[in-house]
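Okay, so here's the structure we're looking at.
Per-chain residue numbering starts at 1, and chain names A, B, C and D are given in the order in which the chains are listed.
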Amino acid sequence: MISFLVSHYFQIGTVILFGVGFMTLLLNNNLIRKIIGLNIMDTSIFLFFITIGYSGGREAPIINGGFKGIDAYVTPIPTGLMLTGIVVAVSTTAFALALTILFYERFGTIDLSEVIDSGGD
Amino acid sequence: MTFLIVLPIFLPWLASIIATQSKIITEKRLKPYVAAVVITNFIVMFAVVSVFPKVRFHLLMVNRFIDIYLRPDSLGILFAVLASLLWIFTTFYAFEYMKHENRVRQFFVFFLFTLGVTIGIAFSGNMFTLYIFYELLTLATFPLVIHAGSDEALASGKKYIIYSFSGATLVLLGMLLVFSITNDLSFLPGGIVNFSHFGGTDHNEFIMLLAGYMSLFLGFGVKAALAPFHAWLPNAMVAPTPVSALLHAVAVVKSGIFSLMRTTYFLFGPVSVAMLGASNYLLPIIVLTIVMGSLMALHQDNLKKRLAYSTISQLGYIILGIALLNQDAFIGALLHLINHAVIKITLFFVAGAIYYQTGFKYVHQLDGIGKRMKVTMICFGLSVISLIGIPPTNGFVSKWYLALGALKAHNVLYAVALLLSAFLTAAYLLPITVQAFFSKKETPELDAIGEGKSLDPSDTMLIPIFLLTAIIILLGILPNPIVSIVTRIAGEVF
Amino acid sequence: MQGLHLTSLLSILILMITAFIMPVIKQRQLVTKVSLATMGVVLVMLALVAVDVAKVEHYTATIGHYDAPFGITFDIGPIEAVVGVLFAFVSTMVVWYASFGIHKEIKENRVKLFYTLIHLLLASLLGIVFTSDLFNSFVFIEVSTLAACGLIAIKDKPENIKATMKYLILSSLGSGLVLMGIAYLYSMTGHLNMRAIHETLQVSVVGNERAILVSLTMFTIGLGIKAAMFPLHVWLPDAHASAPGPSSAILSGIVIKAPVVLLFKVLFMVYGHEILKDTVILNLILIFGATGMIMGSLFARVQTDLKRMVAYSSVAQMGYIFFGFGLGNALGMTIAIYHILAHGLTKSCLFLSVSSFIEQTGQREIDKMRGIGREMPITLAIFSLGGLSMVGIPMLPGFVSKWNLALAAIDYGQIFLLLIILASSLLNVSYYFPIIINGYFGNANLEGKIYKSKMKPVRELVPLILLSIMMVIVGFGSGPILDWIASAMPSL
Amino acid sequence: MTTPIIRRIVEWLLPCLWIFSFYIMLFGHLSPGGGFSGGSVLGACLILDRHVNGANAFGARFTGERLLKLALAALLLYGFLKGQSFLAGVLHMNGLPVPLGTPGNILSSGLILPLNVLVGIVVAVAFYLIATLFEEGHL
């Protein structure tokens, strides 16, 4: 158990981060905090992906001065994916922020619970 | 050329669509048009079934289940002939009656449409086709039921549709259960559910088949006004009289009965049903229906409602004949299907004629009316006598066979129920006739109408009533042709 | 035949490119025309895809120059083709319908944006359906979410902003879960291609049971939120009820279907039956689906707002689809896919007709729709047809779904599930019929209503009529469609 | 919020940032960097410029409409250039060449260079527009 925790501390950290972000997004009523939570959540996933891709002691996958064999480089796919993921997260955040501005203009508050009655339907 | 078999179904549908176009069918032409369609359809149907006696036609076959399949056999043809014949009478009667109702065009559009649907029910060759037409029947008759458009009519219509759809849902459930075992839903005399086909002893399948049969029976029982599900029928009385007559005599309730026959004798078969032991559960309900219908009819003051409860009770007879599972009972059920149709439609026509001429709806208003509406009330009296089952009327013939079947089933209770109900029938219908002719006092309302002249309706209304009464008497005096046809049908399934 | 394989990708590319041409076009009319023409072309292309698939059963289109499992590929089989054609057809009809009236519902300067968003939305939905790369599908999901949010918020009323906010937040939660699920899968297998993941998972299942279960749950809940699986549906009624009419039609008709298709692929093509049968996920989906079928209808019954009612009915209908998945047998899955088709066509029909009621009368309450049948007979007739399909009148697609779903339930061995299906269809009767009846019949209802007074010109109703005709065709032609879908089911 | 300190720092920083952003875009395929990173730096430049210099800023001379058109044109061009490669992939043909490239020679990798620049433009404009939208307060 301990050895698992030690050897996987990156992953465990990201998963905890994911939980923090998820709960912030879910439970906070303040829209700005929700968006921050969203970003924390997204970032934790990016970190998770990158930790999967990283293996210690390898180089960045840029061939500079001769090919050193496949084992010499870190796999570039997770990093590439996360670049896309960041773009997606940025656009979602931008959209959410813009929507929050509109929300504030219409309702005069950024607290979701004041507008949507908690009971729902 | 076998596709011509769809003509009797699609011709009325097409005609009803054309009838919506007021430019083609002007107000003036509407009545002749409807009459022509109904009569033509009768002839076409006759021609088609006699030219192609053993026709089988797949209208649309998607897979083993979704398969619209027409296969008019002798039972189907009998039902189709009965329906289209009575439709003709109703049409002529309605011409006069509908004069004091609104939206005549809407009435006749759905009236024609329902004719096609009913013939579709008669010609269905498998359960799925039957189910489609059965659902369509609900949708097509619904506008007829709420024709008056009042809040009361809408409420009754709602009740009708809720009951019908619940019933149809039960039917669907039954079909599912049966189909999941037999993988086939087509009708065959003697049934397709054969215990030897699938091991027979599997308890699970037995339970599923029993549940399937029960839900089919109860589902169709809704339209056939079986006891716990009968409540829509008296409420549906708000419809114009030709509609009630048709609903009660042929289209709706008889479609329910017809479907029950199909289920019991053509899908399951008497042997399988007997093995399932479903009758044990169903017969008490049926006996309850018979007795309760009669008892309820006793204290109805509204004439149409009294007739409606009488229908419930009489339908109970037919269902009893179906559920007893022997040949005599089935013959009785078939005969009563025909006889009750003819009798009840006459009774309703008379009730409608009284309402049309005098505006009377209630039984207590009818004292002495026989002197003013002589022909009408004589016809009423004759029909009542038939319904009670006094020889030599047709009602007697069918009840005789039913009683024979009940005795064969070795249970006196059923025969007793039949007798009791016959007495009750006499108790709730005879007084009307007696009071109509022999009442000392005439009600003041009656005096106020028509200055003592005869109140018999005009010929278009009277002739259908008269002809129907003649048929009743004829069927009573010369029952042999019809009995032999019916015996042949019953012989096929046993 | 390589040329035909091109069409699947080309349709998405064309949509993406035209989406960004829209904002620079000056006249509204021209935008409409360009959009309609594009939709038409895309529809033809996807029909070609279907024809192609019908010939070869299944093909893989490699995007870029790397083959699977490293490059991104489109795996297109019957399911993808059918759903693709449905998406294109519904959006073509919606765009056609919107071309007559959308400028009345939203601000003039937003019309271009509306078409841009619809193009983006359709492109991303097609992407979700076609792609066989999990991360690629995630990107498409995000694009579709943002475009869908835009389509709701485009109307600029306070309730729209509120609904969009709700939708965006819940959707982001869902996306986060999905992405985490993908991360789990990637860490377990090192692949993103569905087929490759499937193959690797089959061998490496031992020792990974917990990770598999966690990732499965993440996918189910994440995609369940986006597809309005019952307890996660809270965003749907607000969003679909407040959006402008054509948007609602497209949202309810196709947007919530794409995540379902993805969920199907993830469950049955990535994890596969061998893994699923040892977990409780399918049972959970079954329970959620069944509750949705009942509760959605119960909620719909008590609504007073017509559009909300139809929106809640969507929740119930999505329940049918999840129910089919949850059964987990071949027939259940087939019918779930078929129901995507059936419900997509029916619900877009219903939403469009409801939106034309609202547009012509200015009323949203169900009570105010009395006598509408005299004023707008054709529109109500189309609404009735849709309602009858939902209720399950034979030969309409709703009936076919219900029947086969019931057979699948019998096959599954639980008879009581039948009762849920039948109860749900009875509940459908109880909220669709009163509208139809009060619309067409009743003296009090029809009083003072002038025949055809509020009817739209027939020309504007053509897309609606085409949708309903298509619906009927799908119902009557259910046999071959079902067979075709069934041929693509992963073997159990 | 514009203090003399910020103003002075930005004055010194901006030219370097401009050059750096284009460096990232142009050399992205051969060293760490690329269109998106370069574009975001460029976008940051534009935003900073606007924040400090207001109406005199480089970006402010373009109207939103024009910038949008620029970005859309870049996007379309990108779509065509990349789309042809996708389509070629489906057909198993070689589209326009995409060689591996040699470090130090930015023209050696064919299509990737223009693609990176296009992406950079799109990203920069998008960032800048979003920032202006927030400043002006409507969507």
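Criterion: a contact is a pair of C-beta atoms (placed from the backbone, for glycine too) under 8 Å apart; a residue touches a chain by one contact, two chains touch by 3 or more.
Only a predicted model underlies this, so the values are computations on that prediction, with no experimental measurement involved.
Undergrad: So which has more C-beta pairs touching, A-D or C-D?
TA: Of C-D and A-D, it is C-D that has more C-beta pairs in contact.
Undergrad: If you average the CA atoms of subunit C and of subunit D, how many Å lie between those two points?
TA: Centre-to-centre distance between subunit C and subunit D: 36 Å.
Undergrad: Distance-wise, how many Å sit between the C-alpha centres of subunit A and subunit D, to the nearest whole number?
TA: 24
Undergrad: Any idea how many Å lie between the Cα centroids of subunit B and subunit C?
TA: Each chain's C-alpha centroid was found; their separation is 44 Å.
Undergrad: From the mean C-alpha coordinate of subunit B to that of subunit D, what's the distance rounded to whole Å?
TA: Their C-alpha centroids are separated by 80 Å.
Undergrad: Pull out every residue in subunit B that's touching 2 or more other chains.
TA: Correct list: empty.
Undergrad: Quick one: which residues in subunit D touch 2 or more of the other chains?
TA: Each of 139 in subunit D touches at least two other chains.
Undergrad: I need the residues of subunit A touching at least two other chains; which ones are they?
TA: Within subunit A, the residues that touch at least two other chains are 99, 102.
Undergrad: For each chain, which other chains does it touch, given as pairs?
TA: Pairwise, the chains that meet the contact rule are A-C, A-D, B-C, C-D.
Undergrad: Using the touch rule from the top, collect the residues of subunit A that touch subunit D in their complex.
TA: 60, 62-64, 83, 86-87, 94, 97-99, 101-102, 105
Undergrad: Considering only the defined contacts, which subunit A positions touch subunit C in the complex?
TA: Per the touch definition, subunit A meets subunit C at residues 11, 18, 21-22, 25-26, 31, 34, 38, 41-42, 45, 48-49, 52, 77-78, 81, 84-85, 88, 91-92, 95-96, 99-100, 102-103, 106-107, 112, 115-116, 120-121.
Undergrad: Residues of subunit B touching subunit C in their complex?
TA: These residues of subunit B touch subunit C: 60-63, 65-66, 128, 131-132, 135, 139, 142-143, 146, 148-151, 153-154, 157-158, 161-162, 165-166, 169-170, 172-173, 176-177, 179-180, 208, 211.
Undergrad: Touching subunit C in the complex: which residues of subunit D?
TA: Interface residues on subunit D, with respect to subunit C: 68-69, 72, 75-76, 79-80, 83, 85-92, 94, 98, 139.
Undergrad: Given the complex with subunit A, which residues does subunit C contribute to the contact?
TA: It comes out as residues 135, 138-139, 142, 145-146, 149-150, 153, 158, 161-162, 164-166, 168-169, 172-173, 175-177, 179-180, 183, 186-187, 192, 234, 237, 299.
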